[in-house]
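Each structure below is given as structure tokens.
Look for chain A in each of the two complexes below; its partner is chain B in the first and chain C in the second.
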Partner chain A sequence: MRGTPPMQPSAAVRATAAMQALGTLRAVRAEWTKLRTVPGSWWLLVAVVALTVAAGGASAAAVTTEHCHPTPAACQEDTVKLSLTGVWVGQAAVAILGALAMSSEYGTGTIRAALTAVPWRGRLLTAKAVVVSALALTTGALGVLGSLLVGRLVLPGNGFTAEAGYPPLSLADGPTLRAAVGSMLYLGLIALLALGVAALVRDTAGAITVVLALLYVFPVLVSLVSSEKWRERLQEWGPASAGMAVQATRNLHSLPIGPWPGLGVLALYAAAALLAGGLTFRLRDA
Partner chain B sequence: MEATIEVQGLRKQFGQTVAVDDLSFTVIPGQVTGFVGPNGAGKSTTMRVLLGLDSADAGRALIGGRAYSALRRPLTQVGALLDAAAVHPSRRGRDHLLWLAHTHGLPTRRVDELLETVGLGSAGRRRAGGYSLGMRQRLGIAAALLGDPPVLLFDEPVNGLDPEGIRWIRGFLRALAREGRAVLVSSHLMSELEDSADHLVVIGRGRLVADTPVAELLAAASGDRVALRTSDRTRAMAVLAREGATVAANGKESLSVTGLPAERITALLAAGGVPFSEVSAHRATLEEAYMELTRDAVEFQATDTQASEPRAAASQASESQASEFRAATGDGDMR
Partner chain C sequence: MSAPVRTAPYRSQLPPARDGFGQLLHAEWTKLRTVPRWGLVLLSAMVVTVLVSVLAVSGSSVGGGGPAAPVGPDGNAVKDTMQLVHERLPGDGSITARVSGLKGLKAPRPDGGRAGGPPAVNTGKTPGWTKAGIIIKANTKSGSSYAAVVLTHGHGVRMQWDYTHDLAGSATRPDEDRWLRLVRKGDVLTGYESADGKDWRRVGSVRPAGLTGTVEAGVFTAAAPNTKVERAFGGTSIAEGPGRATAHFDELAVNGGEGGRRQATIGRPAARDTVPAVDLASGSFELRGSGDVGPLQTDTDITRQTLSGAMIGLIPLSALGVLFITAEYRRGMIRTTLTASPRRGRLLAAKAIVLGGVTFVAGLIGAVLSFQLGEPIMRRNGHKPPRWPELSLTDGPVLRAVIGTAALLAVISVLALALGALLRHTAAAITLIVVMLVLPQILISGLPLGAAHALMRATPLAGFAIQDAIARYDHAAAVCLPEEGCYPQGPWAGFAVLCVYAAAALGLAIWRLRRRDV
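And now, the complex of A and B:
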């Protein structure tokens, strides 16, 4: 090393870092090209928005203040959470999108071409994570905004008026904004969870089954638990039930887990799935 | 970068099965190297290790002296066609090339250029699910050539193609080698490599059987046998044996002569006034040469119960595929 000018190594390191950043950017662009050139992806993106808004609107339309005694305010209805119910349905499409980004490569065999073009597996998985989470956030934003708009239009007709103690839904309201942003992030994390699971199991049907079971079957099983203490504990630790806590805007003290800690639990699930999937991806033969 | 492929002491095991066992060979630029062996011999595994898809249990597989994962912008250094069927059926052929191009920042122009080169042109706008096998092979070759790499690997590129497609690929491979690229082409059928390979790496059960120029292999397998038809066997044998040839009778009117070139034989017979109707130098096909090689490999493993079966198949094939080159014939054929 003697005689080497001291500036050279750091310049070389910077150049390498710049090249790696460029390589990752190119990998992200290629992943986006892959995704947008398969028609099924567009149907899934439309499905995320449509399912979220439709299911949210239907839920909002189905609930009225008629059964509230003595006054509508007595119901303590969380109208924000009610309007965002559709996220519960839209997450299925997000999960499929996230899983397919990886599993379809194994299903069609394109994984080998993908890895000869981008042999650094961490980079390839990162690029996929960037693309699916960005799409989940974007479609999630559209779905959440659409749901809140529908709720704002439908709810007053069902008795949830400002006079009755239910101000119109507005993002200017702190908890409402938190629920909206949180729901978007929720969908982003679901996409990453599904991607990680798909990298682990390498099969479309398998990956989708595992993720949907975690999201939908787990809560059903929890509801069958007779011990109230255990039921609550499992709700705290279920990916969907904990993550959905971020939508609550009323009676926060009675929730099994707070809004942000709940989303944090889901983030742990997503991180664990990505880590396990990433290690498998790196170590196993393609 | 030097356009070479080097495999040194490569070993790869899947569970209890040894797919590649202490395999070493080198592929040099400017020629087509055939990579031959029966199905399951370890050809695809070797290629997958070369491309960094599978990890080696021992040994090295290098391209231009480097491991695949150490290559900068790998598509500009190595192009590979592993499995032509590996395309997303609902993605258009052109888009398949496009995402590959985007991983390396290559322009869209390059994609369209290659679609034309491989003869897909407008078909690139169609979904790959509707492609014939031949079209998929062409798409796969275009993908391999995207980065204009000096090293190319093709795994069974003519498998399942029609004669027209086979001819096209053979010509294409030769042209790529003429441009100075190192081209490694695998096949489980030696006959597929006839007329296209310059050098052969033959493997069986994961081990190297032969690493030889095609011309040498053919010369060795052909020997210098000359087949002769004559109505006067005894005199012909006497005349030729006197000149040092080894003569064997293998039919009522036919002889097999070794040790003398065909021209000399005709001259001797004519001078001695021996009647003869046909003199032909035996020229082995690549398939025969291959069978001879693998026969030795099979004999080496004679304890194996399966050994007798391939041997029977080998002799059958060399009989049916033997081709003879007419070096010289009687005056009737001299024009």
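And now, the complex of A and C:
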């Protein structure tokens, strides 16, 4: 500030706000540099897309109309959801991406350098959140579009033809577009959830285990528990099973939770994790 | 040049080093024991296993009422419904008949076609275990002891006795004629078959415990249930309904019989069948029947259900397995470790043994507690004998399932250790093992039966087959549904698949560890 004339208060406030925005932008850039320069991150991003498309394609290829009785239409197969099955696999790589952004700094001790450069902890966490969610959204978009494309190519060969009541997958179709955008947002939220948990746990193994348990334990419990009421509850409460409701395009009335409210449940989990992580990040020594 | 100075070779003054495998094991055990967090992880794995198991069984209930199943000679529920033409056989003797034209008929509606009841299941295909043949049975009560030689629709000639036993004879096609004979001598029953009634071939000799004194000898027709796999709403379901079949008998002769042939319906068939009005004594008639004879395959495996918590308990244990090696890389401890014990293969082997031993014990405690707490809950929820026989921890299959669960968790943690050593990356290794073991469990419910079975055979998830504790009989037609905890392979075959994964990963990890700098 040396050498500049004294400013009017309002201008000073404006300048501070602008500087803060600039600071956040710089923090975001720093985080992007950190992620970009670790080769492992690129492998993870490739893994998100590849796993999503491969698992989705394999699922679509495995299901045929052979056992549909009496006509293929009777199966009520949700072809969009089926093609997007790969998100179940891809989310694991996204969770690693989100968790590592925070926990690897603790593992290597660079968190101290990072906090020396950006002492405002909220800003640091925000910058990390922006970078990992943007990456998750981008790779998620690629994975989802790839899966839908594979589904569009594979499904008609398995009997899911337009004549049988299964129009080819297309983003021009409202529910399909919702499922695609929703799956993308789903992956973004998973990255934020993992980041929040990692800020809370500060340890890679612990964070990954907690996030994977949150994602996968609820659906497994659903298959184990025999009480119908509890099955429905577990599907409503589980971050993954509720969030995946956004992929449904058929028989929406029979879902335990609607598509957008389901994604909302996951958003609540992510927000709670980020809030808890952010608070402990602020209150604890690094 | 002066002559070389001879000096005594250097000898260390220290006592001989302790570098045996025992010391290595002890060192690894000390590492595992002295990290408080890892103790907590082990404890949490046990608690999670027990809690999830109890949660899984607490909501269980017995679906569908239906008439009580008859009880077989060994006290277990059986299926015993058939159409029988019989006469009394007071002592030794034999029964001979020629059977031909065995074929399936249009299926009747279940429960005799009650209004509003389930519809008939027709598949257009006769089930392979539809059968017709000769039988010697203790009495005409459903569930009584028997021995029979039958021609089946898809499995050739068989000799079956007391519901659970089955012996293979020739691979006769159902459209061929076959002569069958059953000879009773004392309490031994011997079955024969022949293509022409002259040249007889022995199928087997058996000694059913309940066939003493006066018995009934005759011919019967029974039909295995029709099952149809259907898909709806992204899931696979099975429709099952009674089958119905017919066969032609002639040349029926009972040596030593009292005569006075009668027709009897055993059990409660879905369709009332009668023999077309012909003289039974002539020994040539058409016999239609519905319902099946054989063991009643229960769909609820109490033991497996009480052990289901292991599906979740494996998550903390695999995290521990990965950390047991990756933590050494993270802290640089691996260099110290390899300085102390330079033989790398032995190091990883020692780690695997210590980790496997510890997780086995933790898993065993979890499994025994789960079974002991869960079994009474299942009983209270209506799973009672004879349909679900009494179980105790010392029964062979239960013991295999319980100890198998502990072994399963131990092998999974060793697999995790190997993946950690291979990848040297905590996050990647934990994710890989969890995705390999937990994700298939989620996907199998939404995939078609064939793809689900392929996943259950080929992924490490196959190891959970070891939790099977109910007898599955090849000669009882039943569809193996993943939702009911049925694994398509035998318990040991499934466990072997998991062990192959673990051994391969460990071998690869040792190879990598030897060739790479730390």
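Methods note: the second predicted complex is superposed on the first by the 279 of 286 C-alpha atoms of A that agree within 3 Å, B and C clash if a C-alpha of one lies under 4 Å from a C-alpha of the other, contacts with A are read in each partner's own complex, and residues count from 1 in each chain.
Heads up, the rule we're going with is that a contact is a pair of C-beta atoms (placed from the backbone, for glycine too) under 8 Å apart; a residue touches a chain by one contact, two chains touch by 3 or more.
Note that the structure is a prediction, hence the values are computed from the model and not measured.
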Give one word, clash or fit, describing how chain B and chain C relate on chain A after superposing.
-> fit
Chain B versus chain C as contact partner of A:L115, first or second or both or neither | first
Max touched-residue count on chain A (chain B vs chain C) belongs to chain C
May I ask you to decide whether A:L212 touches chain B, chain C, both, or neither, giving the answer as first, second, both or neither?
-> second
Using the superposed model, determine the angle chain B, chain A, chain C defined by their C-alpha centres, to the nearest 10 degrees.
-> 110
Check the residue A:G40 against both partner chains and state whether it touches chain B (first), chain C (second), both, or neither.
-> both
Give one of first, second, both or neither to describe whether A:R26 is in contact with chain B, with chain C, with both, or with none.
-> first
Return first, second, both or neither, reflecting whether A:A141 touches chain B, chain C, both chains, or no partner chain.
-> neither
State whether A:V181 touches chain B only (first), chain C only (second), both chains, or neither.
-> neither
Which partner does A:A74 reach: the first (chain B), the second (chain C), both, or neither?
-> second
Based on the superposed arrangement, let me know which partner A:L82 touches: chain B (first), chain C (second), both, or neither?
-> second
With both complexes placed on chain A, how many Å separate the closest C-alpha atoms of chain B and chain C?
-> 10
Pick out the shared contact residues on chain A: the ones touching chain B in one complex and chain C in the other.
-> 40
Interface with chain A, chain C side, in the complex: residues 52, 55-56, 58-61, 228-234, 236, 308, 311-312, 315-316, 319, 322-323, 326, 330, 425-428, 430-431, 434-435, 438-439, 441-443, 445-451, 483
Which part of chain A faces chain B closely enough to touch in the complex?
-> 19, 22, 26-27, 29-31, 33-34, 37-40, 104, 108-110, 112-113, 115-120, 285-286
Chain A - residues contacting chain C, complex | 40, 59, 62-64, 66-69, 74-78, 81-82, 85, 88-89, 92-93, 95-96, 99-100, 103, 107, 204-206, 208-209, 212-213, 216-217, 219-221, 223-227, 230, 251, 254
What residues on chain B touch chain A, complex-wise?
-> 48, 51-55, 68-69, 71-72, 74-75, 78, 80, 82-83, 85-92, 95-96, 98-100, 102-105, 143
